[in-house]
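So, here come the structures, one by one.
What follows is a pair of complexes built around subunit A, which joins subunit B in one and subunit C in the other.
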Partner chain A sequence: MYRRGGAFTRGFRVISGAVLITWLVLPLIPLGIWSFARGWYFPDLLPRNWSLKAWEYTFSDTAGVIECLWLTIFISLAATILSIIVGVPAGRALGLYRFRGKELVELMILAPTIVPGIAVVLGIHSVFITLGLNNTVTGVIVVHLIPTLPYMVLVMSGIFANYDPSFEAQARSLGASALKTFWYITIPAIMPGIIVGGLFAFLVSWSQYILTLLIGGGKVVTLPLLLFNFATSSRNDITGAIGMIYILPGILILLMTARHLSGRSSAVGGFGTI
Partner chain B sequence: MSDRVKIFLLLLPALSFIVLLFFGGLAIGLLRSFNYMPLIGLLEPNLEAYASIFTSSEFLRSFLLTFHIAFTSTVISSVLAIGAALLLRRQFLGRAVVNFLFQLNLTVPHLVGAIGILYLFSQSGTFARLAAEFGMIARPRDFPALVFDPYAIGIILQYVWKEIPFIGVIVLANMQSLGEDYESVARSLGATRWQAFRYVLLPLIFPGVLSASVIVFAFTFGAYEIPAILGANYPAALPVLAYRKYTDVDLAARPEAMAMAIVIALLSAIMIYVYVRYTRRRIRS
Partner chain C sequence: MTQVSLRDLTKVYQGEFEPSLDRLSLEIDSGELAALLGPSGCGKTTTMKMIAGLLEPTSGDVQFDGRSILHEKPEKRGVVMVFQNYLLFPYMSVAENIGFGLKMRKVGKLETSRRVGEMLDLVKLPDLGNRRPSELSGGQQQRVALARALIVEPDVLLLDEPLSNLDAHLRFEMRDLIRGLQQELGITTIFVTHDQEEAVVLADKVALILDGRLKQYAGAEEFYNRPVDEATARFFGGQNFVAGSSDGSRFESALGSLDLPEGAASGKGKLTFRPENVRIGDSASATNRMTASLAEKLFMGTQTRLKLRIGGELIDAIANPNEVAEFSKGDEIEISLPPSSLWVLAN
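Let's look at the complex of A and B:
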C-alpha cells in the first residue's frame, strides 16, 4: 500500500479537511444566530441582546407560518405519494425488463432532472390557465411531480434490477392471489427503495421554489416562498427562525438514511452511475 | 399477458405524465416563443421574439453572466469536490461525523444556502464585521461588494458551497468502488503520488465527475431563487430575466420570456447529450 505521508502532508490534510467542513457548515451559522438576535448591528460580531421574539412570532397564530408549514408538508407528501404510485411501476419496467427503446424511455424520464424548471414551467403556466389549475394547491402538487417522479423511478429501477420476480411466481403457484402476492411478496421486497425514493421525492418537492411561485401565483404560499419574502424584506431574525424550521426535515432524513447515503451503497452516488 | 403489454402498462402512467406535462410544457413554450397562439387568434408563427432578444444588450449580457456563473461554479466545485473525496476516502478518527457534516448541506435547500451566503458576505455581514474587528474597514461600504455584484461572486460562492458535497459524494462512491489497487500498482511501478493520481485515478473517475458536472452546470444555468437573492439587478441572471419578462404587465413581453426559456432548455439539452455520451461510453467499457 502507500508509504505513510510525512508530518507535513498529514498536517495539510487535517487543515484542508477542517477548512472544508467549516465552509460547508458556515452559512447555516449566522442564520441560526439571527433567529435568537434582537437587533444585531454592524460591527457587533455577536448580538448584544438575545431574544426569543422571532421564534414567538413564528409560532404565533397570527403570523401564519405554521399554517404555511402544514400546507408545505401536505403538498410534499401528496407529491411523494403520487410519485410512488406512478413511479414504482415504471421502475419495475426499467429494472426488470430489456426492451426496444429502453434507452429512449430512460432518457425521457431522466430529462426533467437536468432541464431547469423555469424552462418548462412558463409553457405549463399558459396551459394551466385554460385548465384552471393555476393558483391552486392541486396545480402546485401536479407540477411538483415533474422533478420528484424521475428520482422515484431512478431509485426503483435500481431496486428492481436486483429483484427476483420468481418469488412472485412461487407465491402464485402456491395459491396466493395477485393482490396477496403483491402485498406479501413484492411490497416487503421493494420497501427499502420506496422509503429512500420517497424521502428523496419529499425533499425535492420540499425545496421547490420557482414552480410553486409561478403555478401557485402567490395564492399558494409554501415555506420557501415565505422565507424568500422575509429574506428580501430584511427581517433577518424571522428569516433565521423560518430557515431553521425549513431545513429540519432534510437533516432528520439525512440522520435516518445516513447508512444509505454513505459508502458503497450510496443512493446519491448511485445517481451518478445511471 | 405478454411481456410487451406488461412493460407498456407499467410505463404508461409515468410516461404519459412526463410527455404531457414536461414535454408538453416545453412544446407550448416553444410555440408561444414563435408567437403562435391559436386560442387568441395568433396563427402566423414568426421569429420576432428571438430577433428581439438576440439584439437586446440586456439579454446578451444576461446570457454571458449566466454562462459565467454556471461555468465558474461547475469548474470550482468539481475541482474542490475531487479534493474533498480524496481526503474523505481515507480512514481517520471521527470519519462518521465528518461524513455526516459533509453530506449535511445536500439536504439544505439552495434558498437557505443563498440567505446564509448573504448574511456571511454582504457589506454588513459576518465577514465585514470580522474585517471591522481587525480594523481593516471602518464602514460597511468599505467592504468589497461580494453580493449583488457584477461578477456574481456571491452566487458562485453559494453554488460552490452547495455542489461540493453533491459532486463529492458521487466521486467518493466512485473511488470506493474502484478501490486503491490500481494506484498501488502504479506506485509500486515507480509512479509518484501525483502521477498515480493524474494518470491512473483521474481518468478512472473522470466520467463520473463529468456526468455530475453536467447536472450541476444545467442546474446553475437555470436556477431562479439563488440569483434572485444574491444577484445584481442589472444584468440579472437569465432565469430571473425570463421570470421578470413573463410577469411583466406588458403581455407582449411573454413570447420573449418563452424564447429565453427555450434558450435555457436548449443549453440543458446539450448538457443531456454530453451526459448520455459519456455515461454510455462508460457502460460499454
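Let's look at the complex of A and C:
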C-alpha cells in the first residue's frame, strides 16, 4: 500500500512501527524476565537470582494450569467453530446480497465491538439463569460468540464481496449437488477468510475475561482468569510464566498470518465498503 | 437427442414491474443449433438460466421432449450451461476442470482420465491437462469450458455469448469447432448472442428477442429478406424504409409505383429492401427502374456505401467499388429494385 511515497509517509511508517513495538513488545519483556526471576527488587535492572521454580510450579499437577489450558483451548476452539458456522452464511448474505434492513443488521453485528461487554452481560446473565447456562462451559462458549462473531462476519463479508457466485451456478450445471458445490467450489474460494476470521475468533475468545468471569461464575476457570488470580496475589514469577503461555497463540497466529493481513491480497476487507 | 419447448416463459424480477422476459414460446428441434439474439438486457441470458434451472420462471414452462422439467434440480436436468466468462475453477488444473462433471457423477478415476484425454484431443488442446486455467489464453479457456460441458454428454447445451470474448481470427476457428462438434454429437444447442453476424453464421434458426418479447423465430435468411417489422429489419442492418401503400401487387410511394413480388402484404405500410440489393447502372430490361442522384459515397474497401436521393427519399445502397468508381457526388444514376428483393411491412 505504502510501498512508494515521500518522506512524510516514510516517517509516518517509522513512527507507527516504533509505537507498535513500544506498546506491544516492550511490556512483554519484564513479564518474560519475571518468569525466570527469584527476587527482583527496585532499583535493580535485572533480578539478583535466576530460577526455573515458577515454570516448575506452572507445569506441576497441583497448580492446575495445564488443566486450565486445555479447557481454554476447548472453549476457544468451540467458539471458533461456532463462529465459522454462523459467520460464513451471515458474511455471504452481507457481502453478496442487497436486502432491506442490511445496514441495521450490519450495525447489530458490529455493536458488540462498540458496546462494553459488561453492559450486555448483565442482561445475558439473567436470561442464562432461565436457560440454566450460567456456571457452565456451554454458557461460556455461547457468550464468547458475542465478541467473536463480529470479527468472523466482518472478514467473511469482505471475502464474499469479492466472490463470484456464478462459479456455483456453473458447478450445479455440471451436475454437482448443492452440498458438493459448497464443498468443492465455495469452500476452497473462501478458505483464506475462514482461516483469518477463525484465528481472530480464536484469539478474541482466548482473551475473554469479563464474560467468562460473569457467566462462568468462577466455576469455569480459563487462562485469563487464572492469570488474574496470580497477578493479584503478587506472585509475579508465576504470573510471568502463565503470561508467557497465554500470549503464545497470539504470537504464533501473528507469525502465521502476517502475510494474509496486509498487502494486496489482504483477506480483511470488512464489509467491502467500510 | 432432445427437443426443447419453451411455453409462454415469463420472468418478472423482484421489485420490477416490466417483465424481463414476456411470454416467450419457442420450439427447438432435436439436434438443432438455435440462437437467442438480442441487445444486452433483452432477457436472453435470463431465458438461458431458466432452462438451466439456475433461475425460477415467474410463469410458463420449459419442456424437454414434451415433459416439463421445471421441478427438476439444475444438476438433474441434463443441461449444461457454458458461461460467457468461461468460469474455469481456478483451484483445479485443466484436466480436473474437464473431469469435474464426471467426478460429480462418481465415474472412476481411470475412466475419467481416459475421457478427459479424449476431450482434450477433441478441442485440440492435447498437452495442456496439467496447466492451471490462469495460464491459458482466452481461446484456450473457452475450449476447456466447452470440453468440460461436453464430457458429461448433456442432452441440451447452452452457450452464453460463445464468440464475443474472442479475437476476430479466433472467432472463425471457434465457430467451426462449435458447429463441427455440435453436428458430430447431435446435441440440441441453444446459444445467446447480441451479435447478429454471430447468430447468422452459427445457428440453424435464430430467435430475435427485443425488449423481452420474441420478434421472429426463423432461419437466418428470413431476417434479411422477410423481417416481421421495422425493428427486426433494423437489427439486421436494414436501412431502407419507405412509407406508402400496397395493393398486393404494386407499392405507391415517393419512389413511384413499384412492382411487388407475389404474396406481398397489402394496405398502408412501409417498403423495405436491403442496401446490397439495390442494382446500380443502366439496364433497360430491368423492372422498377428509376433515376437517383448520388448524395454521398463512402469507400469501405471491399464495398462502397452510397446514399441515393429519389423523389425526396434518401435510400442506402451497397455496391461493388469497381461498378461505382466512375460516379461522384451529385451524379444522376440509373438504379433498379428487383421485385424479389422488395418486402412490404404492413402497419
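Keep in mind that, in the parts below, the second predicted complex is superposed on the first by the 239 of 274 C-alpha atoms of A that agree within 3 Å, B and C clash if a C-alpha of one lies under 4 Å from a C-alpha of the other, contacts with A are read in each partner's own complex, and residues count from 1 in each chain.
In this text, contacts are C-beta pairs under 8 Å (C-beta built on N, C-alpha and C of every residue); 3 or more make two chains touch, one makes a residue touch a chain.
Keep in mind the model is a prediction, meaning the values are calculated, not measured.
Contact with subunit B, but none with subunit C, is seen for A:17 once the two complexes are overlaid on the shared chain.
In the superposition on chain A, contact is made by A:142 with subunit B only, not with subunit C. More subunit A residues lie in contact with B than with the other chain of the pair subunit B and subunit C. In the superposition on chain A, A:119 makes contact with subunit B only, not with subunit C. In the superposition on chain A, A:185 contacts subunit C only, with no contact to subunit B. By the touch criterion defined above, A:241 reaches neither subunit B nor subunit C. When the two complexes are overlaid on their common chain A, residue A:133 makes contact with neither subunit B nor subunit C.
Of the residues of subunit A, not a single one touches subunit B in one of the two structures and subunit C in the other.
Residue ranges of subunit A in contact with subunit B, taken from their complex: 1-2, 13, 16-17, 20-21, 23-31, 34, 42-45, 85-87, 89-90, 92-94, 97, 99, 105, 107-127, 130, 142-143, 145-146, 149-150, 153, 203, 206-207, 209-210, 213-214, 224, 227-228, 231-232, 236, 239, 243, 246-247, 249-251, 253-255, 258, 261-264, 266, 268-274.
Remark: subunit B residues 3-4, 6-7, 9-11, 13-15, 17-19, 21-30, 32, 39, 80, 83-84, 87-88, 90, 98-113, 115-120, 124-126, 128-130, 132-133, 140, 158, 161, 164-166, 169-170, 172-174, 176-177, 180, 184, 187, 208, 211-212, 214-215, 218-219, 221-225, 228-229, 239, 242-243, 246, 254, 257-258, 261-262, 264-265, 268-269, 271-272, 275-276, 279 touch subunit A in the complex. Those residues of subunit C that touch subunit A in the shared complex are 49, 52-54, 73-75, 79-81, 83, 85, 87, 89, 91, 100-101, 104-105, 148-149, 152.
Residues 164, 166-167, 169-177, 180, 184-185, 188-189 of subunit A are the ones that touch subunit C when the two sit in their complex.
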